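Note that the chains take the letters A, B, C, D, E and F in the order they are written out, and that residue 1 is the start of every chain.
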Amino acid sequence: MILKGKKVTLRAVEEEDLDMLRELSNDPEFEKMIIGWSFPISKKDEAEWFAKQKNGLDNLRYTIETEADGAVGMIGLRDIDWKNGEATGGGMRIARKEIRTRGLATDAWMTLMRYAFEELRLNRVNGSALVYNAASIKVCERVGFKKEGVKREAVYKNGKYHDMIYYGCLRSDYEALIAENHYWDEEPSK
Amino acid sequence: MILKGKKVTLRAVEEEDLDMLRELSNDPEFEKMIIGWSFPISKKDEAEWFAKQKNGLDNLRYTIETEADGAVGMIGLRDIDWKNGEATGGGMRIARKEIRTRGLATDAWMTLMRYAFEELRLNRVNGSALVYNAASIKVCERVGFKKEGVKREAVYKNGKYHDMIYYGCLRSDYEALIAENHYWDEEPSK
Amino acid sequence: MILKGKKVTLRAVEEEDLDMLRELSNDPEFEKMIIGWSFPISKKDEAEWFAKQKNGLDNLRYTIETEADGAVGMIGLRDIDWKNGEATGGGMRIARKEIRTRGLATDAWMTLMRYAFEELRLNRVNGSALVYNAASIKVCERVGFKKEGVKREAVYKNGKYHDMIYYGCLRSDYEALIAENHYWDEEPSK
Amino acid sequence: MILKGKKVTLRAVEEEDLDMLRELSNDPEFEKMIIGWSFPISKKDEAEWFAKQKNGLDNLRYTIETEADGAVGMIGLRDIDWKNGEATGGGMRIARKEIRTRGLATDAWMTLMRYAFEELRLNRVNGSALVYNAASIKVCERVGFKKEGVKREAVYKNGKYHDMIYYGCLRSDYEALIAENHYWDEEPSK
Amino acid sequence: MILKGKKVTLRAVEEEDLDMLRELSNDPEFEKMIIGWSFPISKKDEAEWFAKQKNGLDNLRYTIETEADGAVGMIGLRDIDWKNGEATGGGMRIARKEIRTRGLATDAWMTLMRYAFEELRLNRVNGSALVYNAASIKVCERVGFKKEGVKREAVYKNGKYHDMIYYGCLRSDYEALIAENHYWDEEPSK
Amino acid sequence: MILKGKKVTLRAVEEEDLDMLRELSNDPEFEKMIIGWSFPISKKDEAEWFAKQKNGLDNLRYTIETEADGAVGMIGLRDIDWKNGEATGGGMRIARKEIRTRGLATDAWMTLMRYAFEELRLNRVNGSALVYNAASIKVCERVGFKKEGVKREAVYKNGKYHDMIYYGCLRSDYEALIAENHYWDEEPSK
């Protein structure tokens, strides 16, 4: 099913989204801020990736969409471990800079958290952020992640090793958050 | 063969129906009321599903169609157990809200029941409904299902476990029903 | 890993167990008491089944073993539904009649229940028994299953349809049981 | 190549080791102390695993051997990330209890660390331990791992969630360690 | 990701580039100056090459592009040896003669060097040039390569054997170069 | 065909040689002196390698054998470039230490050189040696290789980068050598 937040909708990745996604993957600005790394991606590479990608028991991938702007980014939940009740959230990217101040990233995360805890019966969502990525850290902390440690020299970028923050959001963290900030209280018709 | 009811026709799923089906699968309203769950489904996922889906000895799947509206929903019979003479009915969904009051769901079920008992030589059709899904319960009881028990904490949705009603409709239940309500008496030319 | 109960050990099915299993499957006495049904099984059929069977995320199958008797039966957990936290226990069979009064079946079930709730993080285990199978009903009720309904005319055997009992054991049922009967208190070194 | 420590040799996994490995995987004692989990493993399952397992650019797996005892355990390095220069050490298991006090685990880890930093050109090795696994924690800290955080409720075992310690050993940690404890000074003819 | 230099952008090879590449490969002028050799290449040959070519852990291939001219050439990094931290740069070709004096080749190399050392964590990039290819030698030496030897009679062209220069650029060579020429100081918004 | 030297015979690699080869590959003494690197190799890995390995247009691999000792080592010619008339000799290893002083390595190389120049019509054979491998350097220089340069920091071993010598032996070098040392004059019946 699609997931409805207050500002965004998370829906399946469609072929129409590939141009936006390829631009995201090739943008060195993003590369600097994220933990993964990527080869240059051609249209052909991406078409092959799309042909193979499949939402399933292990990994879920969503396009973030707003009513006004259409597809604006992506988010996902990977490495779902059903036995221990945990998964890793990530791959959150909002494509256009001018709309990054509107709370879309926060809303996408909150929507994913609700899905993970209230539908998938998970107990824990993992996250991470490079120590210098202030924007990402701010969003992580706003959506219920607690800092659990620092992975030293985790990522090599720009000629040196950088530390990465380990985050975790337990179901109880999420519940305490929404009890406090009433995020879903003024929820639109879901 | 196609199955003709009084208001609807049940026919094979065709490629043209995929848009309607994908909308049904992605609609969170439906998700809340049904027992299954679904990943977000892209056009590609659905085309692949369609390419592999096959009516056969085990599972049958129908598109519900009316003369006036074309394809309006779907229904099916799965896990057919020929030795014990039973199968599970389900996957009943009517797509457009505005036509849900016209008895189409009841007619689709009655048509499927007749097929199960009078053509497939089955003795029993299983059904189920979430305890809070009043509309589904009403339809189940109208088409001959008897409540046989309650499966406690059967489904996890919206942050908690929900009970589910076990239904069964025996051939004798179905025959008693039509003897009483004369459902097929004013039947059109089949 | 192998699962250790108080009297039995549950371990992977090995090629050496196939003779015992084939006898179980071909015994008409058993056939009368169980819900499944089986074609006559040749050594070749069974070798093929064994070559394909695989413990995995969906299904787990164990040989029941005692120190004194070696392999004496089998039990399993199938259709594990991680999202809703439920699975169906079953396939419990003890091969030799003379040892059926020693509590081995109960111990095998208790060991499987503990694994399902305390290791697999499940919330519910489903069970079932034919209404006339007193021995099976007794074991089901002794290991925490609650009767949730009766599936009428569920199984065709011996020229007629027979009713089957729907059972469910919630994690809370299991916990109440061991709080009361102290089953694991005098547990051997696990 | 094989890796020579002071007490142990790390060599390729051979078919002869499979019995020892299967026993390790099936032992519930181990299961309680480690982070992974395992289905019951039959001889057939293991033979299939062995047929597919391959040391390569991503994952390396070694049998731990001593001259006096032959194969006594296993250790490995997985998820090698060449770009960032990190990998995850783990799967360390010593099979026989009576030889666990002889420093074999420490020597196996030191040998693996040396290989990771001095041959594979890595910068970081990840490790982890359940908070209640005192023996594993002691070994981790003895071989250069620094505690970097605590992953809350990381693993579900024995009916509840358990915290896990995140460890990291940088090349500089390893070099400081051997500068201090002179581990390799009295090294035998390598 | 795409790599941004001061004058050029290195991006994935796209189907649109194949005409330019085929012309480069078939041009006897080029053939004289480069070390590789090529059969005559048909559109079909090239389409097949493109269908199979994949950027990955071993080889990376980029189209060189300028804002004013679009795709003007190609460059790549092949035989990446992660364990020893080295790779071979090459396949540098600028298509149109009239733009070869504008420093595009130098900029493409500098951009690739920066990526190799600062993102891929490599320690060494190999290069080579035919002894009579003055333009190539000039570029090699401008971008940090040190001459390490001469491979005698390495290449047979035009009826005789020709010597080839072995080049190597260490990370320390690159760092010394940019410390001296401040290449990236006036870098545009990356 | 098999190649006959004065002391050794070079013949195809046979299944019987695999034990000797695996010992060579796993020996850390060798690893220290050679340029390649290797994962630990199990019997299964080697059997798979053998099943796939094939002498062909690109690569030739020989077992070195003496009449008295049987199989004692291996040697090969790889990356044969027919157009430019060059190939890379290597993989020379003599297994047993006690026989390394008898000129077997020199004879194997001389036999391979003669084959490369007199049978394969090549013009050049490449070689290499780590700067600290005195034994290998001595053999290289004895069989006609000329030092052409030094590849700085070519190989990472034992915690640091090591330089490697580039060698080349032209057909003219080989011919000058045998004119001078009359190596093949007292040749046995070839």
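Observations on the model:
As a working rule, a residue touches a chain if its C-beta (ideal position, glycine included) is under 8 Å from a C-beta of that chain, and two chains touch if they have at least 3 such contacts.
Since the model is a prediction, treat every value here as computed from it, not as a measurement.
When the partners of chain B are compared with those of chain F, no chain appears in both lists. Each step here moves to a touching chain, and the least such steps from chain C to chain E number 2. Over half of the residue numbers at the chain A-chain C interface are used by both copies of the sequence. Distance between Cα centroids is largest for the pairing of chain F with B.
Counting C-beta pairs in contact across C-D and across E-F shows that the higher total falls to E-F. If you average the CA atoms of chain B and of chain D, the two centres end up 53 Å from each other. Inter-chain spacing, taken between the CA centroids of chain D and chain E, is 42 Å. Chain A and chain D have centres, each the mean of its CA atoms, that are 32 Å apart. In this assembly, the C-alpha centroid of chain A lies 36 Å from the C-alpha centroid of chain B. Across the assembly, chain A contributes 37, 83-85, 119, 121, 156 as residues in contact with two or more other chains.
Every pair of chains meeting the touch criterion is listed here: A-B, A-C, A-D, A-E, B-C, C-D, D-E, D-F, E-F. The residues of chain F lying in touch with chain E in their complex are 37, 83-86, 123-124, 126, 146, 148-156, 161, 166, 168, 170. Contact residues on chain D toward chain F in their complex (touch as defined above): 1-4, 10-15, 50-51, 54-56, 60, 62, 117-119, 121, 190. Residues of chain A that touch chain C in their complex: 57, 82-85, 119-121. Residues of chain B that touch chain A in their complex: 25-28, 30-31, 37-45, 156-159.
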